[in-house]
Amino acid sequence: MTSQALDDGGSRLERGRRALAEIDGEAGHAVVAALADIAPDFATYLFEFPFGDIYCRPGLDLRAREIATIAALTAMGNAAPQLRVHIEAGLNVGLTREEITEIIMQMAVYAGFPAALNGLFAAKDVFARRFPPAGGSPAPGA
Amino acid sequence: MTSQALDDGGSRLERGRRALAEIDGEAGHAVVAALADIAPDFATYLFEFPFGDIYCRPGLDLRAREIATIAALTAMGNAAPQLRVHIEAGLNVGLTREEITEIIMQMAVYAGFPAALNGLFAAKDVFARRFPPAGGSPAPGA
Amino acid sequence: MTSQALDDGGSRLERGRRALAEIDGEAGHAVVAALADIAPDFATYLFEFPFGDIYCRPGLDLRAREIATIAALTAMGNAAPQLRVHIEAGLNVGLTREEITEIIMQMAVYAGFPAALNGLFAAKDVFARRFPPAGGSPAPGA
Amino acid sequence: MTSQALDDGGSRLERGRRALAEIDGEAGHAVVAALADIAPDFATYLFEFPFGDIYCRPGLDLRAREIATIAALTAMGNAAPQLRVHIEAGLNVGLTREEITEIIMQMAVYAGFPAALNGLFAAKDVFARRFPPAGGSPAPGA
Amino acid sequence: MTSQALDDGGSRLERGRRALAEIDGEAGHAVVAALADIAPDFATYLFEFPFGDIYCRPGLDLRAREIATIAALTAMGNAAPQLRVHIEAGLNVGLTREEITEIIMQMAVYAGFPAALNGLFAAKDVFARRFPPAGGSPAPGA
Amino acid sequence: MTSQALDDGGSRLERGRRALAEIDGEAGHAVVAALADIAPDFATYLFEFPFGDIYCRPGLDLRAREIATIAALTAMGNAAPQLRVHIEAGLNVGLTREEITEIIMQMAVYAGFPAALNGLFAAKDVFARRFPPAGGSPAPGA
């Protein structure tokens, strides 16, 4: 999938829905569902601006966009649920576990060791759920 | 240049010096020089850990590393001088002006419009100095 | 209740106790009780400065003060327990659920979508506890 | 002017342009103009999402919205230019100087004294430019 | 133990291991163990730079270094697990419970009351585990 | 001077004035003077809470309090003027230039290299003004 593929017309809302589904997968659906009874319009904005407008722009591919997002959320250190969603999204758009780990480790330089440590432990959890060992429980090497 | 090329042996300090020179260029030298009379050991740490250890790791190329750094510094919003150095560094390792602009714009989603606006104006200044118009003064299209 | 009503004399400590009780209700008492064995003087400062000094000032009504606090705590994104207390406090001083939701949504512009999302989910929890459905469990429309 | 008045139809872009002009005035125009040669699309997003979508929503009046924004930008402490624009915007939508000063002072409680001090000095500058003394230079009481 | 004692030769890695063990104790071991399957190199960096390089420098004793770290982590407010580790570390290098409480309370001035409150509750937990009452459960005066 | 010496009675306001004068010196006076025409009550709060209440508490000496403040303001990275005031204050209460430099360098571990670099350059400026070379201009070794 390329960002070009996402930009094939339709309204911002439709384009955003499609992009959110492709990038965030199940995690994106869960966020939107949780908004239904508190702020349904906010789900619309979430489809439209981040996904319908920004992620669909042709000037940067989705792999680069997820590198940027994982880095920023790790560095800010105050958005743990969203960091997990975007570690998943990074895997969805083709980043390897090693690459994601490298991005997060690098944040020690810019935001300190605690931010990087908390990011690494988030990645550890996401990887363990996404790549369960044959035996059925998260393995040390996951 | 690839990160592989940076990892060809030598001490952490030597490797870091080489990496800093290739990535940050003049701006890196200026930072190190400014540290000489207040904290010369900190210049050594700057060579060794961020550049000798992290940027030289083989698991992520320098283009991806600069995407991550530009994103993080834009989102944090409290490190304006370092953001400018890394916008330059992004250009040094092959990011285009358009790509850098896309990364910074995307930060509006994760850190708000003010962080993105301040990042865009930093990029505008760096681009104007780096790509002066033929007439000798920063041009509208720089 | 108006901030004027809070400013009817007495010591800063008494005035602050009265203001904290009126604004934060039970949640305020819980915070003060939890401080008793670690830092009882800090409970005194909490009564005196934020509540005895600031919230009792006549130049801004309590409704406006809670708008400011809910906005700031949502945007900072690193004070989840206090955000919940002040969503309650906002209801206590007359903000509607819709107004609180609007304030938090607006923070997407200034602090990014993750900060707004985390604020909305905090509000969802507070509203569900405060306005339980007839059936006795938090309802979708709470 | 009420937010209701802003919501009288037209596209998001038109509605956002009108809202930005009414709320931010000259300062808003300057930001948009400065974006022209680096990221013109970002000016469009700025019209559309913050102003065309959020500020025009009927659930909260503009006075309350500017209280929220001034509070958040003061507390975050890393968006000085935007704080100045919104201190002006606060005056534009009817907040008094005293009310703006109260909002900023209150942030000492939530984000510390340095954030409040820096916010107060920003307000002092904006007030001095906006309400010049008869004698032509910023007066002590401005 | 003095920082001088830590600086008695050996490689950065060995020196850092020794310093981490002395300063952070069990909590430090747990962090390193948790990194083993996600980013073992990061454990090496953690030994080498913070502990092998910085904490072993002779210009500031460990007591002063832990005052600085507890203050910073309380003020930043986005690194709760690391704050707990360093409250323990503060006790390990000789800070009293009262001194740690004073440092955290002071952060109300610089980072706001929520940051100080969250820091105090972290300290309360650490103290209760470290100094259990005779009866076997955390006592009010712990 | 010890914090004990500051706590010899008088009102919070008087005690705070005395403490501010001893700790912050000229820089403190300048801040208070600048508040006179925008928010004179805030100067009172600044005397009373941070200085009259917190800095005068007996449980931690002023040297330790300034270590904590310099660390926190460096790590937060969004309060440059206040960091400079407290680097001065650190010197006023007996910290050496070397100790202040060590505190700031250590923040690279917790808040990243940019925060530490910006803190070091602030210290460089303060030291150069405070310890001018014999020749009359800031010297390399200042």
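A, B, C, D, E and F label the chains in the order they appear, each numbered from 1.
What we mean here is this: contacts are C-beta pairs under 8 Å (C-beta built on N, C-alpha and C of every residue); 3 or more make two chains touch, one makes a residue touch a chain.
As the structure is a prediction and not an experimental result, all values here were calculated from the model.
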Matching chain pair for B-F (criterion: over half of the contact pairs shared, by residue number), options A-B, B-E or D-F: D-F
Chain of greatest Cα-centre distance to chain E: D
Greatest separation from chain C - chain, by CA centre: B
Chain C and chain D: spacing of chain centres that average the CA atoms, whole Å: 24
Inter-centroid spacing, chain D versus chain A (mean Cα positions, whole Å): 32
Distance between the centres, which are taken as Cα means, of chain C and chain B, whole angstrom: 41
Where chain C touches two or more other chains at once, by residue number: 41, 45, 49-50, 54, 57, 73, 75-79, 82, 101, 105, 108-115
Sites on chain E touched by chain C in the complex: 76-78, 101, 104-105, 108, 112-118, 120-121, 123-124, 127, 140-142
Residue numbers on chain C that touch chain E, as the complex places them: 31, 34-39, 41-42, 45-46, 50, 73, 76-79, 81-82
Of all residues in chain B, those that touch chain C in their complex: 75, 107-115
Parts of chain F lying in touch with chain E, wherever the complex brings them together: 49-50, 54-55, 57, 59-60, 64-65, 67-76, 79, 82, 98-99, 101-103, 105-111
Chain F to chain C touching residues, read off their complex: 41, 45, 48-49, 53-54, 57
